[in-house]
Amino acid sequence: MSDGLIIDQLKKNQILDLLKEGKRVDGRQFDEPRKLTIDIGVIPKAEGSARARLGDTEVVAGVKVQPERPFPDTGDKGMLICTAEILPIAHPSAETGPPQPPVVELARVTDRGIRESGMLDMKQLVLEKDKSVIGVFCDNAVTDHDGNLFDACSYASTAAINSCKIPKYEMQDDAPVKIEGEFTEPPITTLPVSVTMAKIDDYIVVDPTIEEWGIMDARITITSNSDGNVVALQKGGSDGFTQEELIKCAETSVKVGSQIREIIKQSKQSDN
Amino acid sequence: MSDGLIIDQLKKNQILDLLKEGKRVDGRQFDEPRKLTIDIGVIPKAEGSARARLGDTEVVAGVKVQPERPFPDTGDKGMLICTAEILPIAHPSAETGPPQPPVVELARVTDRGIRESGMLDMKQLVLEKDKSVIGVFCDNAVTDHDGNLFDACSYASTAAINSCKIPKYEMQDDAPVKIEGEFTEPPITTLPVSVTMAKIDDYIVVDPTIEEWGIMDARITITSNSDGNVVALQKGGSDGFTQEELIKCAETSVKVGSQIREIIKQSKQSDN
Amino acid sequence: MSDGLIIDQLKKNQILDLLKEGKRVDGRQFDEPRKLTIDIGVIPKAEGSARARLGDTEVVAGVKVQPERPFPDTGDKGMLICTAEILPIAHPSAETGPPQPPVVELARVTDRGIRESGMLDMKQLVLEKDKSVIGVFCDNAVTDHDGNLFDACSYASTAAINSCKIPKYEMQDDAPVKIEGEFTEPPITTLPVSVTMAKIDDYIVVDPTIEEWGIMDARITITSNSDGNVVALQKGGSDGFTQEELIKCAETSVKVGSQIREIIKQSKQSDN
Amino acid sequence: MGGRDTDIVLLDENGIRCDGRKVNETRKVTIKAGVLKNANGSAYIEFGDNKILVGVYGPRDVHPKHMSDTDTGILRCRYHMAPFSVGERKNPAPSRREVEISKVIKEALEPAVMLKEFPRTAVDVFMEVLQADGGTRCAALTGASVALADAGIPMRDLVAGCAAGKAADAVILDVNNEEDQAGQADLPIGYMPNLKKITLLQLDGVLTPEEYKQCIEIGIDGCNQVYEIQKKALQDKFFASGEKQ
Amino acid sequence: MGGRDTDIVLLDENGIRCDGRKVNETRKVTIKAGVLKNANGSAYIEFGDNKILVGVYGPRDVHPKHMSDTDTGILRCRYHMAPFSVGERKNPAPSRREVEISKVIKEALEPAVMLKEFPRTAVDVFMEVLQADGGTRCAALTGASVALADAGIPMRDLVAGCAAGKAADAVILDVNNEEDQAGQADLPIGYMPNLKKITLLQLDGVLTPEEYKQCIEIGIDGCNQVYEIQKKALQDKFFASGEKQ
Amino acid sequence: MGGRDTDIVLLDENGIRCDGRKVNETRKVTIKAGVLKNANGSAYIEFGDNKILVGVYGPRDVHPKHMSDTDTGILRCRYHMAPFSVGERKNPAPSRREVEISKVIKEALEPAVMLKEFPRTAVDVFMEVLQADGGTRCAALTGASVALADAGIPMRDLVAGCAAGKAADAVILDVNNEEDQAGQADLPIGYMPNLKKITLLQLDGVLTPEEYKQCIEIGIDGCNQVYEIQKKALQDKFFASGEKQ
């Protein structure tokens, strides 16, 4: 499943030949992600932000925090929405216009990884029950696309939300009023981290580049939390996985995820 | 006017030759509709529902009943909205995407037939004047298309609304609260029934099949109520009707409509 | 910059040859606009209206005045929105469907000319602060397109707003109620008038026809107010202007604008 | 329809309607052909307080090509209301109502237009309602026929439009806005007077079979009156020496 | 997910779920193949209170042409919910959720369909949810496999769908609507029983690695049960003498 | 514009602006060329607190084909704001404002790009505003020129952008966000310093003819300053030995 990427046959054969020898084109181990760099605070006017570079894939996430009227049945919780878009600067194949299914999937998987982990304790983000709650919007903009946008958006989002500041609001006449200059820490409970694996022939490799992405048969994205539990999962691509492969993938995800989580944690400390 | 249906010339000639002999391809009389079967309650979780099979045309109508804020100038009446869509399973020519003009017309004619008949006494569907009223939404989904969707949607809608249950609501703090398990009968005043006739050459036939639909010159849909009055009407197609033809069509509609109405009434009784 | 208009080479050469001799195809001076006729009150049911004919370009502007809920941060001012659309009757190249960039620009430039001039004293259009204000909507419909729609929409809008009547409203139970038959004059402070100039080779001509529009290298629209100040400006087209040209253009705009303003003023008086 | 509450007296004891007309009387109709410069044909119609501008382009090429038909020309119609044409400002994007009326008018005009005369091409009819006052579809159809003729499109007949209806329990001709809002039925009719065919017919509201017959009868009368005004507009355009506005 | 507040008892002291099932029991599943007249293949599936109609068209030409592939056929899937299928009326326009599920189901079916057998063409699978009750994507996938087989599309295997999950701290099979709302995790699975491959897998909610293993295990069991019902539906269609409804 | 109520002091008694600048001083501008891997050319510009990323693709084929021109290349521009770039979260769909600015920037760049050199093809310029602080269109235009040059697109000149304006009754250079909100006029300028041509010019607000002249004068000065920074960015990219970030 290539999501529109076309890789030539020569390159494909080269990748496959190397995999048979236990090697990858860029010299990585099968379970080794690319170098991850995270810079937080890159959009100072946003309440939180992070730039994640995963190899040559780059994503900027910005967090806006603002009061919202809650939906009728969830008036005792704040709102959290993550989105993702592939900017046309990111790749010659990127399209402007309404989001196509692969971009909708990217956005929803990014959102689900954060949301289902319970990363933010939403009950702490209520200004007045049923009247006004705090909304946290984390928008991911892919600026350079070298494969595996799922993980790059996951890392940028987690880092941006982890490092955001929540402005203080007071309710006046049923309306929230911002108290300038006062902030609280976000109510973080855990740090979710996704790890995506591509299946090429019968080989499974972590963090595929755009070339591996273009020739893979199937993929799986598994998000784990700080406790090493699995919190979200998305299979994709035109082939399937065996039961054994899926058990192995979850173990790999938890293991690699814990390394990634340390980088995200450090990104916040280095900022302070 | 074929609304995108293409019928081959051979078939067309066959139909025309038979019409000259006073016959139709499927053996029906000119003023004879196809066999109509109506099953109600097919979507038990909806407040009302019906499946109408008119020959090989099939429509499922589902009724949702829920409180709505009324428009400023109609705060003393409930809301009633009927829609129709042709599902892509219904025919190879059916399209997904925004509704094209023929589908918009189908939906609006279906809605008008129900609404203009005054089938529901809307004044009885008010929870609190200007604040909250009961909305009745009847959505028609065409699942198999063998021509004459107008009538199939009319019958499915009338049967679904006729057999729906209105949940009870109480106003609490200016907001409607549903009382679980309590229902009332819908305030039915009349049963509108449409009858569509196709003009092919100078022959006028009731309830055209998809092949007759594809070659017809003009069509007219006339909706009558339980009193035998005419309550809605829509001419279509690329030819016109003489004054005499139109008078005759109205008579046919009232006559055929009264047969159809009995089938709709019985569908409710057989359910009880 | 032709915005989709195609002018044949022969015509283009003819226009250019004449310009070299200091002449225009239709005999006008370089700084001479076409004949402008303004009729107000052409849509009697609207609160204001005007038809502007600038040569063979024709625009109908209609003004609707109705109470609106203000935006949270501008509750002490009324609302003013001008739009423009090129009706498909206006030209064979006009398109239906969502507005293309040239039409979006036309609408926004028309709006900006009126809005930035402060033509209406918006503070006088408040019914109850933060609750209800008066909205003035001036919609321009281009009915015949012979070039320079910017100015035709400017003149139609200014004339329509200048001659509109503001209905009286009373606040009852926090909601505005119209007092039938009572009106006030709009709080006019100035009459903005745009003048558009086309640069063809190095010649600059006022009020280009559709043929001049189709071959021009660049254009500039300068709006001035009753005091002779510049209040809005929009450069367009695939070439640039020198500093000197721009100073000259502003002078021309103020000069020609004052002639146009007299015609707009008289349109109101001749109506009374 | 269906008798909304209102204080208006639709018909007084002398059989006079709220705008002073008798039951079988149309509003004042004026039509001027050839009012636009760019369009191949055009018409401006005032039908009571309705003010509608119609422009016709074509026969012209069809894009994309596969929408054209090698056997016949195609007719495309757009009925559209200006934002300022109605009481409360209308969103400029086409509503579902406008989509339906466009289709109904197209099918009312098709019987009159000799489409086979211009295969592979399209004729576009654009109807722009500048001010609406009840009965816009009949007025737009009436104007469109004149604009098509003005464009020189070969036609079998003109289509004239006029509604019949029911208000205050009486059958009436040419339903106006108040009668449409507070009345009992509105039956717009499009009619080809020479070919004696009804090509547009819709109904909102309740009519007995007898009232239905009377409505069609009186409506055809109205269309015949409108037809005379259509013919005069075309004569004024083609034969009159001048009197240019 | 993540344990919303609710009064419902998802699992009682005897290990019985809110709808009377045991933890490793699926809801009642019935499938009927060949239910539509026009579609090339079709199926109607009831999976608990889910009611889904699937129609398959193709292999057929692709428009526009450049969307086709000279080397292979393409599979296109649309998962769509009727407005009346859920508690509060749903807007008929496809939501982002429906777009994602359509893509996930497509990629779950692709491994089973021998696409190379019909190059340059497309097979369209339309899944219409008439009534939803939790687990619609597994039910739609299950029905789609049957409809594809009914259409005679060459396939390597059927794909059977069934979710596993966690509620009241127990691993459960075939999550229903209440369990999805108030439970702790939902793990929909699509599985090819003969090829022993999982082709659909998603997760909402939190699972320990051990629970994750158990869920996959029990989910495959569920898929194997569903598979038997799929095969029976196809046999009933092709071999049974009649019993037409 | 037009003097909104505010407590901010836009200009103090010493002629110092709210952000510490003199009236004829630009904000700090830094530009880095070649910042993206996939784009054929790119630039990152910080113009005060504006942060904008520009990517250029092309010359490349045009789809659909009929949009291309056999005589000339075409330039396509998209100016777009990230949802998090402004105070209140922006809807990601392009607004009418973004459509207009895209067009204005396109027409500001066209005089500088030698389009005839690459007929039948298109060059795409994508400007992504990551953080906005007043004057984004001038900053985006400035960055776009550098990105085009970085992509090796043949150009006659660079276009430098800088706004002039009026606040607290003084003519000022490079209007920031507070001055745009509370000031009296904003006159964004795009200028080709070698060819001495203004290719972008807009105005919001009221200026006397004399102030208008001064604004253009001071704005051109600003553009000349920006131009030096543009040239340096390109030199750093092409000639500097390294200092990769």
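Each chain carries a letter (A, B, C, D, E and F) given by its place in the written order, and its residues are counted from 1.
By definition in this document, contacts are C-beta pairs under 8 Å (C-beta built on N, C-alpha and C of every residue); 3 or more make two chains touch, one makes a residue touch a chain.
In UniProt terms the chains read D, E, F = Exosome complex component Rrp41.
All of these numbers come straight from a predicted model, not from anything done at the bench.
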| item | value |
| --- | --- |
| Shortest contact path, chain C to chain D, counted in steps | 1 |
| Required minimum of steps from chain B to chain C, each step between chains that touch | 2 |
| Longest centre-to-centre distance from chain E, chain (CA-based) | C |
| Chain pair with the higher count of C-beta pairs in contact (A-E, B-E) | A-E |
| Longest centre-to-centre distance from chain D, chain (CA-based) | A |
| Geometric centre distance via CA averages, chain E-chain D, whole Å | 52 |
| Chain centre separation (chain A, chain C; CA means) in Å | 48 |
| Averaged-CA centre spacing for the pair chain F and chain C, given as whole angstrom | 27 |
| Chain F, residues touching no fewer than two other chains | none |
| Category of the chain touch graph - line, ring, star, complete, other | ring |
| Ring topology as an ordered chain list, initiated at chain C and continued via chain D | C, D, B, E, A, F |
| Chain F - residues contacting chain C, complex | 1-2, 96-97, 99-100, 102-104, 107-108, 110-111, 187, 192, 195-209, 212-213, 216-217, 220 |
| Touching residues (chain side chain D, partner chain C) in the complex | 36-39, 42, 49, 51, 53-55, 57, 60, 78, 80, 82-85, 87-89, 92, 94, 124, 126, 128, 130-131, 133 |
| Of all residues in chain C, those that touch chain D in their complex | 42-46, 49, 56, 60, 62-64, 66, 83, 85, 87-92, 96, 137, 139, 141, 143-146 |
| Residues of chain B that touch chain D when the two form their complex | 1, 101-102, 104-105, 107-108, 112, 116-118, 218, 220, 225, 228-243, 246-247, 250-251, 254 |
